[in-house]
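These are the structures in question, set out in turn.
Each of the two complexes below includes chain A, the first together with chain B, the second together with chain C.
Right, the complex of A and B next:
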């Protein structure tokens, strides 16, 4: 029973995979498809890992989807202006870090609720994205080498999966094995106590927001590379899914704390359910019903387990 | 946790079992909430049923990344064919190419030609935009101020906008005094709110509303009806949306819509797919469904 309470979400993921594998062994249960799922979850998981960093300090960053859209549009626009891949990558990520810094500053310095600050600033970023793109989907001028950053395989693993592995390892080490990470958890646990013991609360919160935006930009760049195009609202689907992944992850491994491994499990559940239901030919409205039900069930099981402690 | 999972497994197994004897057709779109897209899907589903195919519809609500993933899924599931509705396949070219390479025929409805796409059935969007602009400018006597509702993200709708730009060049006395990039999903409400604001700020200057499709036109009509019912503002759109046609019939401010024959598009696509599944190659890679202008006059109505 303790095992179920502690690792219930992880077991749920294993069970969902097992059910789909039995229902569709020829398509879902293949190694190729399971590897493909890691590719499909990669961008969502990268955005969700960024959201995790902000949630660790007890805040929300609702501008992540706007930053994803911005990054793709900005990148393709910069390619059109003749810039190289490295310069575009650097410029876009730096711009996103600056955006995250502004959000973090508004929250940490002026105590603006993060819901409002990031929603408002996300709207500003969305406007900027439309202004740059003139509202159009951008296709032209994307170098083939840039596209290779979001597609293809290396050593049998999809390139986006490798980006996810790299991001997850760095973020996990950052949160669990560095003083900075422990400070973030301390701020999230009790901000006033963290301030009283002399932790640089404002600075660390701003860094968390900046990293969140930076990771959203990375996902946006990879999305543009994967699709070979950039859409001014291309990141719209990531906001709710990313937070669903973080919340699902909070029911795994730790006592209600956001964590990188937990977020990975959450993102994997979302990706597996979408993939499996599509392969089984379940219509999309039914997929929504079942996805929502699975997320609710996973969270409820955890809550009920805790209530029984 | 157990009950939903059992339900999940049961539904999945049911779907698998029901699909066992029929050709699986995956119908994918990012815009199912659009009336026109929904209509095409409904007609295609009916045609699929008649043909004995098992059609499954997946809507990704404007999310192209999700659309790419879902195409990968149905490719892995080795469906009999993929039908893309209201999306330019070039926006998900890698996935379309992978499906084609796996031997899965890809057909587009109201999309575009692209490598790997065996057939695209659509309207000539530039022609639709030209017909709309010519109609509106004729009604205005080639002089007046218009409001433009547009959505450049959809390649077909963008073509209509380009047609307006071309028409404006030859009509220098027509001025665009306001333009609004539509919010999708939810274009009717977005157009209603925007028109309300424009009526307050520029109500006396607006002579007509050019809507890139009918839903923004309907939104504009709702706002004009509520705030300035006696104004002479003319509204026109594209699609032949049934609600817009009813509003034209009732002598509202909507005076015209360039009708796309969505039923014909879906039907032509189903016919083309039947041939493709029989091993034939389509005669042309792109087919155009006919378009016609609908006005009170063509509907046999005399408006005051």
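Right, the complex of A and C next:
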């Protein structure tokens, strides 16, 4: 029972994989498809890792999907203006870091509830994105080399999967193996205690928001690279899925704390369910229904387990 | 008591410091001197300025006047880091650990962690913490999250954190208020304080327990109304003297004489035979009308759980009868039958900070304050009239009845929790820690109120960790241990020793539990 409570979410992932493998022999369980799933989950997981950083300090960043959309539109616009790949990458990520800094500043300095601050600021970013793009899908002027950053394989692994691995390793080390990470968890665990021992609470919170926006921008760039186009609401679906992954992940490990490995498990569950149901030919509205039900079930099992303590 | 600090020059001197908040003079010319290795008690009623003084030392507030001298030189303590650099460490009243972090993680918060390459070195971190813990708390679990430590262990974890680097002064704000007085943990804390003193670290502690002050401190400073009204060596003063200084008057309230009261009528008001809370918890209780029963036990013995179970706030198996009728229907059902409850944790369980004092007073029986009896529209005028009555009767000190209860001092917050039940007949009062963190004056008033409630014919159960309060207030004492009532003491056998012995699991001397009144020892 303790085992089920502690690793229930991991077991659920294994169970879901097993069910799909049996239900669609020769399709779901193949190595090629499993590798494909890592690619399908990669952008979602990168956004979710950013959300995790903010979640660790006990806040929400609801502007992530707006930043994903902004990054794609901004990148294609900059390509249209004749900038090179490195410059575009740098400019877009810097712009996103600045946006995250603004969100973080509003929350950390003025104690605006992050739910409201990032919802409002995300709306501002969304408006800005529409303004830049005139509401249109942009696709002209994208260099082929940029597109290769979001497609193809290296050493047999899809490029987006490699981005995810790199992001996850860095974020995981940052949170679990550095002083900065310890500080973020301390702030999330007991902000007053963190303040009383002189931690730079505001600065660290702002950095967490900036990193969240930066990772959302990375996902937006990779999305534009993969699609070869950018739409002003292209990132719209990432917000809820990313937080679903974070919450699922919080049920996976360690006393309900947000963590990078947990978020990866959460993103994997969402991707596996979507992939498996697609292979089985289940219509997409049923997929949403199933995904939502799984998240509710995971959280419910967790709560029931707690009540038994 | 150690003799450390005697005759040595003080290293920390506060000279005439003041601090105003708007028109409120929290500190108005306070003096304090502490010598190396001295154990110094800072005493005073609630609102005397003790917490503000500590906040000046910790750099959270800046003095508006006067001077803080460290080693004879004026010191400006700009913030927590500056206080840390001076060697000042603080164990705050609300424990300030990160609940998810273990002892090792908590000890290193805010410090430069040891690294191996770019990453923090957990093994080195743990080794350093283990070395500190070995000196003061060898059996403290180092790898268990703070959330799962006992209150005493959490406090030790905080002290370990404070001693990670050389400390000249450790400040403790009511260090034993979360520990049961009889508990080994409080004694353990005292031992650590003495040990710090011997090793040359001064300890400044705030306490409302004068026994503790007399037993532990070398020097004392008494604050009243933001001023230092007395200071000296503890060996040169007695409890009554301290109380006189604190209250500005003769020591009448503090000694808490048992009031002469009419004997309880003998009619059984409350009878219960219930299993509740954690597995194995079981209680058989009978309480007479007009009787005040004290409920004692170590932290975790099940006192609060028993009260919550009687109040219908925890699942219960069994029967509870009040004046012969079954008590049912959760808290609302209890209220309808004339029962009242005063929770232990004022802020979390007592009142709603977003509502005004008046609204909080009316909260438990809003339906009594309606413009039109059948319409659930609160009548503000009636609520205010009720609040004014209660405020007068309990001598509630509040800037305005429309302000938040969070603006009240601890004692006045506690009065508010009693006040909400006044003005209606009370048949059963369940009171958890009636006066924790409350100053001496308010304590006496609250005890008077409890006696009035009993005198009106109510059965009263008051759980307390303060054995002085227990002895002063209770006609009869039930001692709990491991979720069960293990002793039922009254009359001649109701002694401190018997209570403490029972709480620690020894059989009470010469008074076996009565089968009808107490569950058998498991």
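Just so it is clear, the second predicted complex is superposed on the first by the 309 of 309 C-alpha atoms of A that agree within 3 Å, B and C clash if a C-alpha of one lies under 4 Å from a C-alpha of the other, contacts with A are read in each partner's own complex, and residues count from 1 in each chain.
The rule we apply is simple: contacts are C-beta pairs under 8 Å (C-beta built on N, C-alpha and C of every residue); 3 or more make two chains touch, one makes a residue touch a chain.
Everything quoted here is computed from the prediction, not taken from an experiment.
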item	value
Clash or fit, chain B versus chain C on superposed chain A	fit
Touched partner set for A:52, first chain B, second chain C, both or neither	neither
Comparison of chain B and chain C by chain A residues contacted	B
Touching partner for A:277 - first (chain B), second (chain C), both, neither	first
Touching partner for A:167 - first (chain B), second (chain C), both, neither	neither
Chain B, chain C and vertex chain A (Cα centres) - angle in steps of 10°	130
Which of chain B and chain C A:103 touches, first, second, both or neither	neither
First, second, both or neither for A:38, with chain B first and chain C second	neither
Nearest Cα pair across chain B and chain C, whole Å	27
Intersection of chain A interface sets (partners chain B, chain C)	none
Complex interface listing, chain A residues touching chain B	8, 12, 15-16, 19-20, 22-24, 26-28, 30, 32-33, 36, 40, 43, 130, 134-137, 139, 151, 223, 226-229, 231-234, 236-237, 271, 274-287, 290, 293-294, 297-298, 301
Residues of chain B that touch chain A when the two form their complex	1, 3-5, 7-9, 11-13, 15-16, 19, 24, 26, 32, 54, 56-66, 68-70, 72-74, 76-78, 88, 90-94, 150-153, 155, 158, 181
Chain C residues touching chain A - in the complex, by the definition given at the top	58, 60, 79-81, 84, 90, 92, 94, 96-101, 105, 108-110, 112-113, 118-120, 145, 147
Contact footprint of chain C on chain A as seen in their complex	173, 177-179, 182-183, 185-186, 189-190, 192-199, 254-255, 257
